[in-house]
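Okay, handing you the structure first.
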Amino acid sequence: MSDIRCPMCGKTNPEQEEICQFCQARIKPLLVNYDENESDQSIKSEDEFEATDSGIPDWLRNLRQDESRELFGNEDQGFSAEKNSSTDFDENQTWLSDLRSDQRDESDESEEYDFSSSGEEGNIEDDDSFPDQEIPEWLKNIRSQPADSEIDDQKFGAETYQPPFVESESDEVVPNQQDHFLPEASSFTSISDRYEPKQDVSDDVDEKIDDEYDWVSEFVELEKENDKQPDMQSFPGSLEKIEDSQEIPDWLADLASYNETDTPHKEDVIPEWLSGDQLINEQVSEVFYSPGNDYQEQTPEWSDEPLQSPGAEESETDEPIPEFFQGTIPPFTVDIENFIGDEFPEWLDSAPAHAVQDIDGSVLEDDARIQRGDLPDWLQAMRPVETISSGHSIVTEQDNRIESAGPLIGMQGALPAEPDIARAKKTPVYSSRLQVSEKHQLQANLIEQIIKSEGEPVAMHGKPILATQQFLRIAIFTCLFLALLVPMVLGIPKAPPNQFSPEAFMLSRLINQLPGNAPVLLAVDYSASLSGELDAASLPVIDQLMIKGANLTIVSTIPTGPMQAERLIQLANQVGGHKYQMSIQYDNLGYLPGGVTGLLGMAELPRQLFPYNLLGELAWQDSRLSGIYRLADFSMILVLTDDPETARTWIEQVQPELGDTPLGFVVAAQVEPVIAPYLADSAKQIQGLVSGLSGGYSYEILMVRPGIASNYWSSYSVGVLVVLILVIGISLFNGGIQLINQTRKMGHKEQS
Amino acid sequence: MKPRIRDPFSASLAIASGLIVLLGYFLDTPLLMSIRQIFIQWSIILMAFALMIGVTNLAIVHWRKLTLGSIGAMYSAVILFSLIITIGVVGYFGPLSSFSNQIYSSVLLPIESSLMAILTVSMVYALARLLRRKFNLFSIIFLATVIIVLAGAVPLMGIEIPGLHGVEGLRSMMLRLPALAGVRGILLGVALGSVAAGLRVLLSSDRPYGG
Amino acid sequence: MNFAELNLADLIGAVLGLVFTLSIFSYILGDNMLFRIASSIFIGAAAGFAVILSIYNVLIPQVIVPLLEGDSSNMILVFIPLLLSLLLVFKLSPKLSGLGNPSMAFLVGVGVAAVIGGAITGTIFPQSLATIHLFGKSSEGSSGLGIFRFIESSIILMGTITTLVYFHFSARQKPGQYPRRWEPIEWLSWIGQCFIAVTLGVLYAGVLLSALAALVERVSFLWKLVESMYMIGF
């Protein structure tokens, strides 16, 4: 099924639709279908009428039905002798009158508008048949047209007749001086310029036609001149005028073969494209109106109503509305009350009643002669801004443009419809520049600069030779180095040690309680990193053990432990004056891998894990270790470690297996806090502890055997003091700066 | 998506060995203890092999870096050179030889102790800038604690401050009360976490061995 | 250390020690090649020592010697760990690393069991009992009045509990709100945080003292070396 394109919004709609689904504009013009093949045929039967009216609204269908009945059933009606031609007008008048009668409850439906007498009778508004509120806008617009425009007789002439849809150079576009919302209103103005009233319109009609209805007078004059016989050759059948135009629509070309001699008949003459346009229909009926017809009888009642224009000023015109003009329905009809029966479209029903305002914003009074129509919201939103805000005539150049093709040919101000859409033209080139405000443009520029700067290399500032951080580190190292070196160089007297700790005293007591040649397990589990501290802390303990003659069995759970143990023994020999030798006084069993598992294994099966010592000799064959099968068989276990985890593992894995065997630790200062809970009185998992250089120095003082710790103590104490000074000084400085910054922030916050 | 194939044999081996060793803590049956001790011995052997395999992997990685000419290939060459020399000397002369001791005393000990020594500078620097980075109550408590412990570690200028030094001093009290409580809580938390993690492995919820 | 008494080997060792010490100290000025070379030498030497000690202490006495001298009945006790060890070698290959999973599983299983047992028997039970015993009869060696001991015990108990509460991170998330723990838990956690701050401060001070001792030892080494060199007329 082929789709049709809406002439207003350009969107495609199904073929059967008459009103656009998107913008509610009429797609199919309201004209009687003209078929060239049917030119010789009589008026369609009533059934045929109904058959063709499948897609038209019911009110129109009803009208046509009445019309057909009148045509077939009522032969007395109509106009004069030229019945065929007059019946057109008669039929139009009839269905139009019926249309009006449906809308008006009070008015007399049989009353028809007497176009000819409209001028005599005075103001159309006085006519009761046309109450003010029912006059459509487009009709009002017609009334408000200036009277200066004259109908060109030549346009209506046999030779010079030019349909309104044909562009002509001689066409003069008469701008509508009044405020017309609907551009179609001006089209009626232009139409009025082209068409003359029928010839046998009474002189009264001529008199009543004022400047606003000059186009009506044109019809009248034309009718008079042409003896009510329209020259078909001047109408769509004739292409003489059409040929003068630059573009000849195809539909118009079809009409070229129309027999000019045939009596113009409404259904025969009116082309199909004209069938939907009541205006043209009426115009044609006016054209072919034969003299003698009684206009008065045939003018529809609704035409007596004064025309209404939403933006028009009060019009005091008394000119009657031309008959041929009365039945036309512009594409965008706002007030269609008079034309629509009971079947109001939903969108029209839902349209709220707004206060009728003039274009300049002033509210029109209810008793304004020209009443404004209520526009639905969607239609109001579609109003061009210039039309609303200008306050002047909304007639633009586009309004002044005379339609040159299509069903609205000759009409002025019609919205471009099919010709423009069907005409193949170059796609308009729209500017790709966005309409943005200054603020948005500034922000867009800012973002663009930010994005650009991402890819651009940032200029690197010259790196200073010494950064602040590096300078501070060098300064701290220098201070410490000098603080440690100066006591060594100057030989500063040693400061007294700390008060002897009870844990160290307990360890000393435990060692003192050992029997001679007691097997002591010495676990050397510290690395070379803290060998300085632990050498100094463990030497007095080992020295005491050596003094006691303990048989040392050295094990280690770190790979470098055996070497460290060897170094320690050598150091103890050197410092303490001992002569402990491998496999005689001590055994170095070596390295035990496995960590937790290794300690668990050593606690339960040391013989299986260390069958040999580092010299490759059988370790457990000697009498010193002959009675040792488990760790608990040792007299004492002394663990030297610098790692908190190693200390904890020894306590967890070995201590439960020891029973009454004491477990002592010589640890670095960093390990003491971790094993303090195990040392507590409530736990008593460790029986002795010497911690750090201070513990070793205290132990040396206790043993009265100076060692390495004594050599380090002076520098150590000065170093601790310097560290304290550095930490306190820099912390106070940084803390003060932070306090000032926070105070400033608080102040800014309070101010803001 | 290819389904991940789990290794039931590895999982069952882990569960079985773990349960046997764990039960040995609570049950004292000869058979169980024997098997437990065998498993422990085997694990120690495996640990030693794992250590050697780790060192082998270290050598392979640095060899690749050296042959491919990657960045830092010179340092990889130094690592491989020192490794080979150490293995050769210590392996040939024995761990307790004078050469081995010389390598330990002249190479390992100075380097390791020097690394620990320069840590002093970094720690003092970090402590001094602590308040600049974080100025809150806990930072102040932390800094105050460090200062008190340092001050109480040695007599200041040969003078023992009564309220600070000594067994009843502030430093001892701090070590005995809040520090002990905190460490005990941490130790309990670590132990509980270790138990939970271990049970996850024994229940096969977690398979760190690649099964 | 006296330079005059040193033999050649010791002299070389002393000079090497000096060089390596200064190389490591140069890190104060920034990362440099000397520092990296010294670190690389240390890594290689430490790895070499680990390998040799493992061979000397485990591989030879527990695998090779039993294989060479052991009984057939003990062969299986050696063969199985040897087999597991050989499977462990496949961990070096990315493609065949799956073959080493049984060995790793065995190691993990035994190690995990040891950790669990040690944690329960060595820390959880004793430390919990120790916390309870704080309020028991005064043990030998305790001093001070009962009230002060009670206060100390209370502080230790409160510190232990609040420290454990701090590590409780379960929170209920209400719609539209940030997940937050129960209010009493939050307060206890804050107290625990204070205890943890003190604990970490004590630990930090201990590490600082240990590092200072290491610096003292190094400075002492340098001074003695310089002093000896000065005395022998360098």
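Chains: A, B and C, in written order; residue numbering restarts at 1 for each.
We take it that a residue touches a chain if its C-beta (ideal position, glycine included) is under 8 Å from a C-beta of that chain, and two chains touch if they have at least 3 such contacts.
Just so it is clear, the structure is predicted and the values come from calculations on it, not from any experiment.
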{"item": "Core chain by centroid distance, with centroids computed from Cα atoms only", "value": "A"}
{"item": "Pair with more cross-chain C-beta pairs in contact, given A-C and B-C", "value": "B-C"}
{"item": "Centre-to-centre distance between subunit C and subunit A (centres being mean Cα positions), rounded to whole Å", "value": "57"}
{"item": "Distance between chain centroids, defined by C-alpha means - subunit B, subunit C (Å)", "value": "3"}
{"item": "Per-residue multi-chain contacts in subunit B, two or more chains", "value": "40-41, 43-44, 47-48, 51, 95, 104-105, 108-109, 111-113, 115-116, 118, 120-121, 124, 127, 143, 146, 150, 153, 175-176, 179-180, 183-184, 187"}
{"item": "Set of subunit C residues in contact with two or more other chains", "value": "25, 28, 46, 49-50, 53-54, 56-58, 62, 110-111, 114-115, 117, 119, 121, 123, 127, 130-131, 199, 202, 205-210, 212, 214-215, 217-219"}
{"item": "Residue numbers of subunit A (touch at least two other chains)", "value": "473, 477, 480, 502, 529-532, 559-560, 562-563, 590, 592-593, 595, 597, 600, 609, 614, 648, 669, 672-674, 677, 680, 692, 694, 716, 720, 723"}
{"item": "Subunit C residues within the subunit B interface of the complex", "value": "9-10, 12-14, 16-18, 20-21, 23-25, 27-28, 36-59, 62-63, 77, 80-82, 84-85, 88-89, 91-92, 97-98, 100-117, 119-121, 123-124, 127-128, 130-131, 152, 155-164, 166-167, 192-202, 204-212, 214-215, 217-219, 221"}
{"item": "Residue ranges of subunit C touching subunit A (in the complex, touch as defined)", "value": "25, 28-30, 46, 49-50, 53-54, 56-58, 60-62, 65, 110-111, 114-115, 117-119, 121-123, 126-127, 129-131, 133-134, 136, 139-142, 199, 202-203, 205-210, 212-220, 223"}
{"item": "Complex contact set, residues of subunit A against subunit C", "value": "470, 473-474, 477, 480-481, 484-485, 488-489, 502, 529-533, 535-536, 559-560, 562-563, 589-593, 595-597, 600, 609-612, 614, 642, 648-649, 651-653, 655-656, 668-674, 677-678, 680-685, 692-694, 711-712, 715-716, 719-720, 723"}
{"item": "Subunit B-facing residues of subunit A, complex", "value": "469, 472-473, 476-477, 480, 495-499, 501-502, 527-532, 559-560, 562-564, 566-567, 582, 588, 590, 592-595, 597-598, 600-601, 604-605, 608-609, 614-615, 648, 669, 672-674, 676-677, 680, 692, 694, 716-717, 720-721, 723-724, 726-731, 734-735, 737-739, 742"}
{"item": "Subunit B to subunit C touching residues, read off their complex", "value": "7, 9-11, 13-22, 24-25, 38-53, 55-58, 60, 75-76, 78-87, 90-91, 95, 98, 102-121, 123-124, 127, 138, 141-146, 149-150, 153, 174-192, 194-195, 197-199, 201-202, 207-211"}
